[in-house]
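For reference, chains read A, B, C and D in written order, and residue numbers begin at 1 within each chain.
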Amino acid sequence: MHVEIVDTPIESASIVAAAKADSDGAVCIFDGIVRDNTRRRQTLYLDYEAYREMALEQMQRLAAEAVERFRVRDISLVHRLGRLQVGETSVLIVVASAHRGAAFDACRWLIDTLKKTVPIWKRETFADGAVWADGEPFPEHLAARSAEAQG
Amino acid sequence: MHVEIVDTPIESASIVAAAKADSDGAVCIFDGIVRDNTRRRQTLYLDYEAYREMALEQMQRLAAEAVERFRVRDISLVHRLGRLQVGETSVLIVVASAHRGAAFDACRWLIDTLKKTVPIWKRETFADGAVWADGEPFPEHLAARSAEAQG
Amino acid sequence: MQVKILAFGVLKDLLGTATVQLQLAQGATVADLLRILEQQTSNLSMQTHVWQSLAVAVNREYSSASAVLREGDEVALLPPVSGGLGRRDAR
Amino acid sequence: MQVKILAFGVLKDLLGTATVQLQLAQGATVADLLRILEQQTSNLSMQTHVWQSLAVAVNREYSSASAVLREGDEVALLPPVSGGLGRRDAR
């Protein structure tokens, strides 16, 4: 497994090349890139910050859990922090497996779960201002206050 | 859209790079590679052959249908023919989209449908012999003889 | 009338050729053509399942058994396809 | 006892700092800590929803409101996360 948080551009081609082995028949790759707009508001750049030690631990656990759960051979999971321009990769997920169903399922589960549980935040700078991006609500078991307590 | 049948190695990195646009937030890539075994029988190499004109037309239709159906921005779909060694890419699918759900769904639909409907065949050479790979049964509406006629 | 037969994969091996011109009665269908070819190769009995699982393309479009053939048609005999990667992937 | 508070994202802006040491009574829970911080920032009333939607990590593990804090704990206040790409992707 290759799990990493980096501060420089993610070298997708070499990460993908390194992820393949002879027993693989399928490689599913998810490449999350900075889009030029959010709800049609023009994005200039994004700043990603993380609770770095915890984020790395969480990513390592996710990768290990995905290997176990989907029986894929190997996973690379890399997230970049700092200022990213439009078109740059913020997160790269590479899942290598003998079979394609497991590769797709693991890849999708990884990005979906990462986005809800790994402590990374994004500040979006638009042509007309900057905001911390709305995150997705935490899964119930991770939120500090239960729905009941909020009511 | 970039739909192609090639006789030389698929240059994945440059195809992926060319597939991205500023309005994309998600790129889902499927890289089908030659595995070193089938049912634990050791694979030496594969030879892919196609009904080339029809295969290309079918691939073009699949890509257009996926854009329409999943509302993704762009698709690259490249299949290689001829002799491939273990570890080489036989098919590359790149789906670029504003959002990840559509990118995953389109990518998976493309490989699943391609494998059932695009006239390409594979002859597998093992250490101890060679066979035409069993294909997947044609979808009912494409098979020449219906299940009824067979019974 | 005459049609051009293209055979691929295991069907090419079975017919011993990739292309052959065949003379058919006017109004012959895809089913008629398949019956003729199957009879011609009936001594190779192990391969009968191939005739049950194939698809036929007429002028590069998938075609049903009832389709009527015309002079000069290009009729392709397609065994189950296996592009992309291994079959076991489907499972 | 003393704990170390780390704040991230919008919570860092709200507290005006990324790290702060806080003195708490022995046996204080995560809920007690959140109540204290919420009161300290109550003049910024527009931000109350933030306190309802956060998660807390104690020593880098997600923690419930009822967890009892200990001397020297590292308590991180985590707004809903937004790694990867845009939120609208979830839809």
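Everything below uses one rule, namely that contacts are C-beta pairs under 8 Å (C-beta built on N, C-alpha and C of every residue); 3 or more make two chains touch, one makes a residue touch a chain.
It should be emphasised that the depicted structure is a prediction, and the values quoted were computed from it without experimental measurement.
Enquirer: Through how few touching steps can subunit C be joined to subunit D?
Expert: 2
Enquirer: What whole-Å value do you get for the distance between subunit A and subunit B if each is reduced to the mean of its CA atoms?
Expert: The computed centroid separation for subunit A versus subunit B comes out at 26 Å.
Enquirer: How big is the gap, in whole Å, between where the Cα atoms of subunit A centre and where those of subunit C centre?
Expert: Chain centres of subunit A and subunit C, defined by C-alpha means, are spaced 48 Å apart.
Enquirer: Mind pulling the subunit C residues that touch 2 or more other chains?
Expert: Those would be 85-86, 88-90.
Enquirer: Of all residues in subunit A, which are in touch with two or more distinct other chains?
Expert: Residues 25-26, 32-35, 98, 100, 111.
Enquirer: If each protein chain is taken as a node and each touching pair as an edge, is the resulting graph a line, ring, star, complete or other?
Expert: Contact map by chain: other.
Enquirer: Go through the chains and record each pair that touches.
Expert: A-B, A-C, A-D, B-C, B-D
Enquirer: Mind pulling up the subunit D residues that touch subunit A in the complex?
Expert: Of all residues in subunit D, those touching subunit A are 6, 8-10, 13, 30-31, 34, 51-57, 60, 62-65, 76, 78-90.
Enquirer: What part of subunit B is in contact with subunit A in the complex they form?
Expert: Contacts found on subunit B: 12-13, 16, 20, 22-37, 86-87, 98, 100, 104, 107-108, 111.
Enquirer: For the complex, give me every residue of subunit D touching subunit B.
Expert: So the residues of subunit D in touch with subunit B come to 85-86, 88-91.
Enquirer: Can you tell me which positions in subunit B touch subunit C when the two form their complex?
Expert: 32-35, 38-39, 48-51, 53-55, 57, 79, 90-91, 111-112, 114-123, 132-138, 141-146, 149-150
Enquirer: Spell out the part of subunit B that touches subunit D in their complex, as residue ranges.
Expert: 25-26, 98-101
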